[in-house]
Amino acid sequence: MAHPTTKNNTVKKYAPKNPLLSPRFGDIATFGRLPHTQNLSGVDIAVVGIPFDGATTYRPGARFAPRAIRTSSCMNRNVHPEYGVHIYKKLSAIDYGDVNCNPLNLKKTFGEISKTYGLLLKADVLPIALGGDHSVIIPILRAMHQKYGHFGLIQFDAHTDTADQAWGEKIHHGTPIRRLLEDGTLRGRDVFQIGIRGPLTSEDQMEWDRKQGITHLTAEEYQKKGMAPVLRKLNRKIPYYLTFDVDGVDPAFAPGTGTPVVGGLSSLQALEAVRALKGLRFIGFDIVEVSPPYDHAELTTLLASTLVFEFMALAALNK
Amino acid sequence: MAHPTTKNNTVKKYAPKNPLLSPRFGDIATFGRLPHTQNLSGVDIAVVGIPFDGATTYRPGARFAPRAIRTSSCMNRNVHPEYGVHIYKKLSAIDYGDVNCNPLNLKKTFGEISKTYGLLLKADVLPIALGGDHSVIIPILRAMHQKYGHFGLIQFDAHTDTADQAWGEKIHHGTPIRRLLEDGTLRGRDVFQIGIRGPLTSEDQMEWDRKQGITHLTAEEYQKKGMAPVLRKLNRKIPYYLTFDVDGVDPAFAPGTGTPVVGGLSSLQALEAVRALKGLRFIGFDIVEVSPPYDHAELTTLLASTLVFEFMALAALNK
Amino acid sequence: MAHPTTKNNTVKKYAPKNPLLSPRFGDIATFGRLPHTQNLSGVDIAVVGIPFDGATTYRPGARFAPRAIRTSSCMNRNVHPEYGVHIYKKLSAIDYGDVNCNPLNLKKTFGEISKTYGLLLKADVLPIALGGDHSVIIPILRAMHQKYGHFGLIQFDAHTDTADQAWGEKIHHGTPIRRLLEDGTLRGRDVFQIGIRGPLTSEDQMEWDRKQGITHLTAEEYQKKGMAPVLRKLNRKIPYYLTFDVDGVDPAFAPGTGTPVVGGLSSLQALEAVRALKGLRFIGFDIVEVSPPYDHAELTTLLASTLVFEFMALAALNK
Amino acid sequence: MAHPTTKNNTVKKYAPKNPLLSPRFGDIATFGRLPHTQNLSGVDIAVVGIPFDGATTYRPGARFAPRAIRTSSCMNRNVHPEYGVHIYKKLSAIDYGDVNCNPLNLKKTFGEISKTYGLLLKADVLPIALGGDHSVIIPILRAMHQKYGHFGLIQFDAHTDTADQAWGEKIHHGTPIRRLLEDGTLRGRDVFQIGIRGPLTSEDQMEWDRKQGITHLTAEEYQKKGMAPVLRKLNRKIPYYLTFDVDGVDPAFAPGTGTPVVGGLSSLQALEAVRALKGLRFIGFDIVEVSPPYDHAELTTLLASTLVFEFMALAALNK
Amino acid sequence: MAHPTTKNNTVKKYAPKNPLLSPRFGDIATFGRLPHTQNLSGVDIAVVGIPFDGATTYRPGARFAPRAIRTSSCMNRNVHPEYGVHIYKKLSAIDYGDVNCNPLNLKKTFGEISKTYGLLLKADVLPIALGGDHSVIIPILRAMHQKYGHFGLIQFDAHTDTADQAWGEKIHHGTPIRRLLEDGTLRGRDVFQIGIRGPLTSEDQMEWDRKQGITHLTAEEYQKKGMAPVLRKLNRKIPYYLTFDVDGVDPAFAPGTGTPVVGGLSSLQALEAVRALKGLRFIGFDIVEVSPPYDHAELTTLLASTLVFEFMALAALNK
Amino acid sequence: MAHPTTKNNTVKKYAPKNPLLSPRFGDIATFGRLPHTQNLSGVDIAVVGIPFDGATTYRPGARFAPRAIRTSSCMNRNVHPEYGVHIYKKLSAIDYGDVNCNPLNLKKTFGEISKTYGLLLKADVLPIALGGDHSVIIPILRAMHQKYGHFGLIQFDAHTDTADQAWGEKIHHGTPIRRLLEDGTLRGRDVFQIGIRGPLTSEDQMEWDRKQGITHLTAEEYQKKGMAPVLRKLNRKIPYYLTFDVDGVDPAFAPGTGTPVVGGLSSLQALEAVRALKGLRFIGFDIVEVSPPYDHAELTTLLASTLVFEFMALAALNK
């Protein structure tokens, strides 16, 4: 879309449109008022939408998340309040647009995701996905694995997403972690899940996870210990992918989601938890399971777009 | 659920729970306060939910329609204000419960619909479906065809549902009529579509329909002529199935739907149009494409449950 | 309604319908997908709706709570995440349906509640009420007293419910505790109120309560000390009834209520507070003052249904 | 509240605050920006709130209607677009405030209504009530009868309100017309009901009404004939009271109501129907059954406050 | 944004992205999935947002309209259902983006509008504005006048917008027509206002308008006569600008607006009224006063985007 | 409005209407059911509305806040739960009504605010403003300075409000603190800002503030240290003005605001933070930036009215 970016020779090639030219709520809603382009030359980091909710088992609606998060993201600014880093002096950032999803066909959609991530990774662009339901990380993490080999996963979520199936279906938004462990994309000991909570289906539901070596930090534990139990166990030699299912946060703070579970993290705790990961090397990020039809007053989409700001800041620190 | 029905020896075996025993908003929400049973002996008419929206191309949510319509249906009463017929003195009516849908698998869901309709039709029960998206009529009408041979279709809808495909998918909620014409379940000259309107994709979009002999009564035409153009052309020798896509009604009256088109019928016009069909022999009914996440103050679910009342009254007149 | 429960010979007579047969949002909405029956043989625990809000002084709407909580309760599962207990291997559980309330007549409604609780207690069924406004505990606790003699009360609430009257009315949703202390159903020293907060009407408003020996744990105190002050004072020799007015929780987490007071517990604190009661013997539970017209995205009804899950788990631990 | 009214020596003693002094949304919300006083000297017409919904059988909430209608009423202006009459040059108008209702006690509330109406009628003030549920017309019309003797009733409503009882209760919002016919306050041949529609409870439900000589103009008939069938039958020698149950209008136009019935009048039809009554002598008006918790974007309260404007204009024409 | 438009050599240079490449709800939300560019070469028609509501006297929020209308506009298609014209075979169409508004400064915003319209008109592009409040037509129509000399105005609106001032302010969203008549941009006899209704401030409010020769077609008249009274009086020798204040439509169909007046046109009537203008030569269009914070389920934004489709079709007929 | 206040000779001249005369939701909505008068004789404290949002840069709507806060304020009572002080035995309190704002003219509105505050301060009345956007404190604090000379400012806010300008505008709701420091109304070392958080525009955004000596307590710091860092630095020799921008609180607790930032204080933390200021001498208070169109179930307006109760209690302690 090539809008006139800040006339500031210190920022990188692509940066948000200057809000002093037009109010933040003006113009076509790209993520964070960033230029929209699919030309990846000179791009460090790209936001990409994946408007797909075909693997949802309860409330659908995440197909509308990329547009809704973009709308709220106009309030993102430039500098992280704690790190002091000016993101766009470190990173040339774009809104890549959306993956061409097929709302009726999981397989073809996964194919399109693979294709897009192939292009982004080939161009050495750091991708941030706006989901979509959580199934979309299957092709994403496989692409990551292909490029980076072994990496760890940090997952904010109310659910472990390690179910085996439902109604005979092996791929839905509650199974991606199991599928990715089975095919070797992930190793259990490098998977960290934060915000886990809620009633279980069977007594041994957590058994399989524990055998894999997955680390769970429940919402109740986070209240008492914060991120310390995770930080202690992280292998700092490998890079990480951060996936943020918005239902890791309590539904009072994030009502716009598909499978809410009461008793989650507050928004402030979510920010603190993400900031605790400062210093890790990240190869990708996503925010998933935002369902705008259930949102109110942009609570959830504003949280989602703020989390993307935090992701960008983590990435900028790496530069 | 076998709740104590009206102590009135003139009503049939199954009838709504007496509202003088408990307020209408009380008790577990079955359709119209009818008994829930799957024992079809002594049953004339059955409401059956099909909580499936896996073939939706725009806003999902119809999976929640059966429950939401049941909740609003407690205000249904017994006697039609125009016909004067007391439904439950003519018909023994139940809430059969829901088809066991698979939200991730269209094919298996169609199989379950076929199975349930097989049972209902075998027992000579007149079925009224609470959809679900409009794709669910594919297995329903095939079951009808198997039992009744040739029949006509009266369809309220903003869309013709005669698309050929989308993203290569042959079955979605915009294609059922084409599929059913292709396989001989329907014949074009016995298909009547009321409420059609809105922008078209291509100049020849209506060509195929016209070649099939489908009758379109647009919303604009309905304003001027009412149902007369349809009534003139109906073949009264064959039985009819009535499918009501709630988007045939204007979104002001039915906001809770997936693919709204402005400029539709009012609720009162919808009632009048259905009542104009008095005297036809009906073999089945449905109300589809109700999407509760977009509804407000039960506008859409109350309209849907009232339409089911109208369907029951049409059926009672046949007795 | 006798739906086919899990084919698992280890669960009790009545257990939730298997979600692998149909999705959680499918079927007629009974509490937690439990069978609906009023035959109490072989039943350990029963959920019963009391759709009555005729004693409300501010926002009504609680009459719609039983249906709305049932709708959200489909996400309840089987096993408690902390205790590890599988509820339905310990308890045979049903949805009993609703008390036949009279929305215009408090006295008759109380009579119906007494009748229903008489039946449940005679059959040694542990009842969990879905209110309704808080006045409904008057007949409930009187029935409990008749069966169990002396017992203690643990009450989550923003208000003490010890008012004497309003506009000359002795029975409304702000007076039940006073009435029950006056008639000897409760003794002040065994009444524990958690979450109390907000402006008072007069300087001596709390005086009467203190004279009765009631223990107050304000929301502010809970923030600092948790449940410890209550746990220290509980007499573990007597059984307890737990009544949960959802306004004990902050309106951000439970907007759907009639008399909200800002500054309450979070959902997670509510869960922790209930779990702190592990080991007590409970003779009954309720969740009251949920007002669906003010809810958003099922925040309040999901919290309510999750609390019922917690109550069931407490009961299962007693087995 | 005695705010500075328009400095215009042509208007009467009490008139709306000049919107050029402060914007319409400013100031404490009295009806139509009118002065609030309970001193009836020099007053021609008074708006009075009756915040009571204790006789509601389905959705409550009408207790909040007087405040909500006042809020929307700031957009009322001075001159009727069709009659050309400047209301406040003809009528000195106030907001009297509310009747002191008791939300838990119908009888006492009726007593307070009687007391207030006694005062208003004694002072020859024309009252316009903001309900409240429809039961409030029982004491209102009895007070009218006492002052004026025989008068006719024009009622906009989806329901006839001639039920005999529910759950043994003789007074609820569905019975006022029967009670008032029984006690001689009304005579059936002078009762005109417009907008009647919807399913009936029994075949003979309308029998009693017809025997009384009540005239029904159904919503369907209104579509075809307008008010003509009513206008033909009105006895122009007697004065009339106009009661407007907002559910006479379709829920698309008036979602904020307690017992919605689809298929009603549009807002424009409602205005036209009221305007058709021009020339009758009116002794009082009300708008009832507005339930703000179910409203959206002030649709219903704006309609209600506009109808009050129409009532005032009808009254001004009589001057 | 240059997305790959339909590979169809019959469409013009700029046309909507093919929905078979990605679902309609996918991708960055430009109007109607059109390419975004500010290069006007080869462009026939351009949609331009004016996110400004600084001249609003009641409910603000229209600043968010351009983005919200864009979001709903993905359901626009290609061919008009009545005219049969394929818009994009006649017209090369773009989304130009937004005028750089200053939310705090009316004057500077008007300057920016003038600048943008200067560019568009210089390039012979037909502009369609997405407002913004109704004040924005002041600079728009002045630009039109500069280019085209005398032209007529067709205005859908509940209000005449001919007020002189409020609180001493000469420019607000209720005064543009008076300002434009005063400065000679418009001539009264060529101004046609449709949908006018509602209470007036003074008896002579309409006097000034009549003296100017403005034609009013009230909503009540439209019900009875349709557009005939306007069509009779139109001077077909001059070109027209069409301005559509969404409050011309009834708030049931368009709740998301700032100054709603009950009793307006239905959506279908609005479509019919616009279509009645077929054959006129148009020099510009706008849709104004859409206020998304008051909308529900996209009712108003979908109507707005459909009206833009109708405008494009009117323009295509001129080609 | 002079309604009959509590017949209790211990309360001051003006006190809330007795809720035992009429229910809290009854009567014309003044703040806290207080008498409305503009006669300042015998008045200690006055609530005054400022319905102005003309300086808003993102979501408007605060113009509707005074009315909406008044509506929710009926639940305020008399006695502070922690201090035990009966407000109305200490303070004679009124609802003064609203400042005559001009929604289109910041300058004139500021003039009207100055005029009203001049009157209130001359009469030695302690004012509590219901905003309005945050720009309204410019004339308020200037009036305070004129009367009291030097005073400190305690500000709850997500933002520092020390921006220099936007789009060339020096006065908007993000600049008041800078303007008031520039003109000497405030001194930086006596300005305390609590709840600050969120992305920054530039690296040196906080530099200017620090040079002025402003104390920031971020939301993150508040979580860890509470108010201690502020309490340590307060100069207890000067009086204070407390300004509460509701966006200091997290949007989950206060969704109805214009510029939400995730990660803020909870409602309970807000109450505790205000209570920590006990003992300071206050010369005025306000609650600003409440935007009702974005609120849900009165969450934000109830919080706002409860904060006003806390302000009154702080003032009562000073007596």
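Annotations for the structure displayed:
Think of it as A, B, C, D, E and F in the order they're written, each chain with its own count starting at 1.
We adopt the following convention: a contact is a pair of C-beta atoms (placed from the backbone, for glycine too) under 8 Å apart; a residue touches a chain by one contact, two chains touch by 3 or more.
It should be emphasised that the depicted structure is a prediction, and the values quoted were computed from it without experimental measurement.
At the interface between subunit A and subunit F, under half of the residue numbers involved are used by both copies, so each side presents largely different positions.
Chain centre most remote from that of subunit B: F (centre = mean of CA atoms).
Subunit B and subunit C have Cα centroids separated by 39 Å. The distance from the centre of subunit B to the centre of subunit F, each centre being the mean of the chain's C-alpha atoms, comes to 55 Å. Here the spacing of subunit C and subunit F, counted between their Cα centres, is 38 Å. Shared contact sites, meaning residues of subunit D that touch two or more other chains, fall at 23, 25, 57, 63-64, 102-103, 166-167, 250, 252, 266, 294, 296.
Screening every pair of chains for touch gives A-B, A-C, A-E, A-F, B-C, B-D, B-E, C-D, C-F, D-E, D-F, E-F.
Here subunit B touches subunit E in the complex through residues 57-58, 166-167, 197-203, 205, 218-220, 223, 250-252, 255-256, 259-264, 266, 294-296, going by the rule given at the top. In the complex of the two chains, the subunit B residues touching subunit A come out as 53-57, 59-61, 63-64, 102-106, 108, 166-169, 171-172, 293-294.
Across the complex, subunit B is touched by residues 19-20, 23-25, 75-82, 84, 86, 250, 252-253, 266-268, 270-272, 296-299, 302-303, 306, 309 of subunit E. For subunit B in complex with subunit C, the touching residues are 1, 3, 21-23, 25-30, 36, 49, 51, 63-64, 66-67, 70-71, 95, 97-103.
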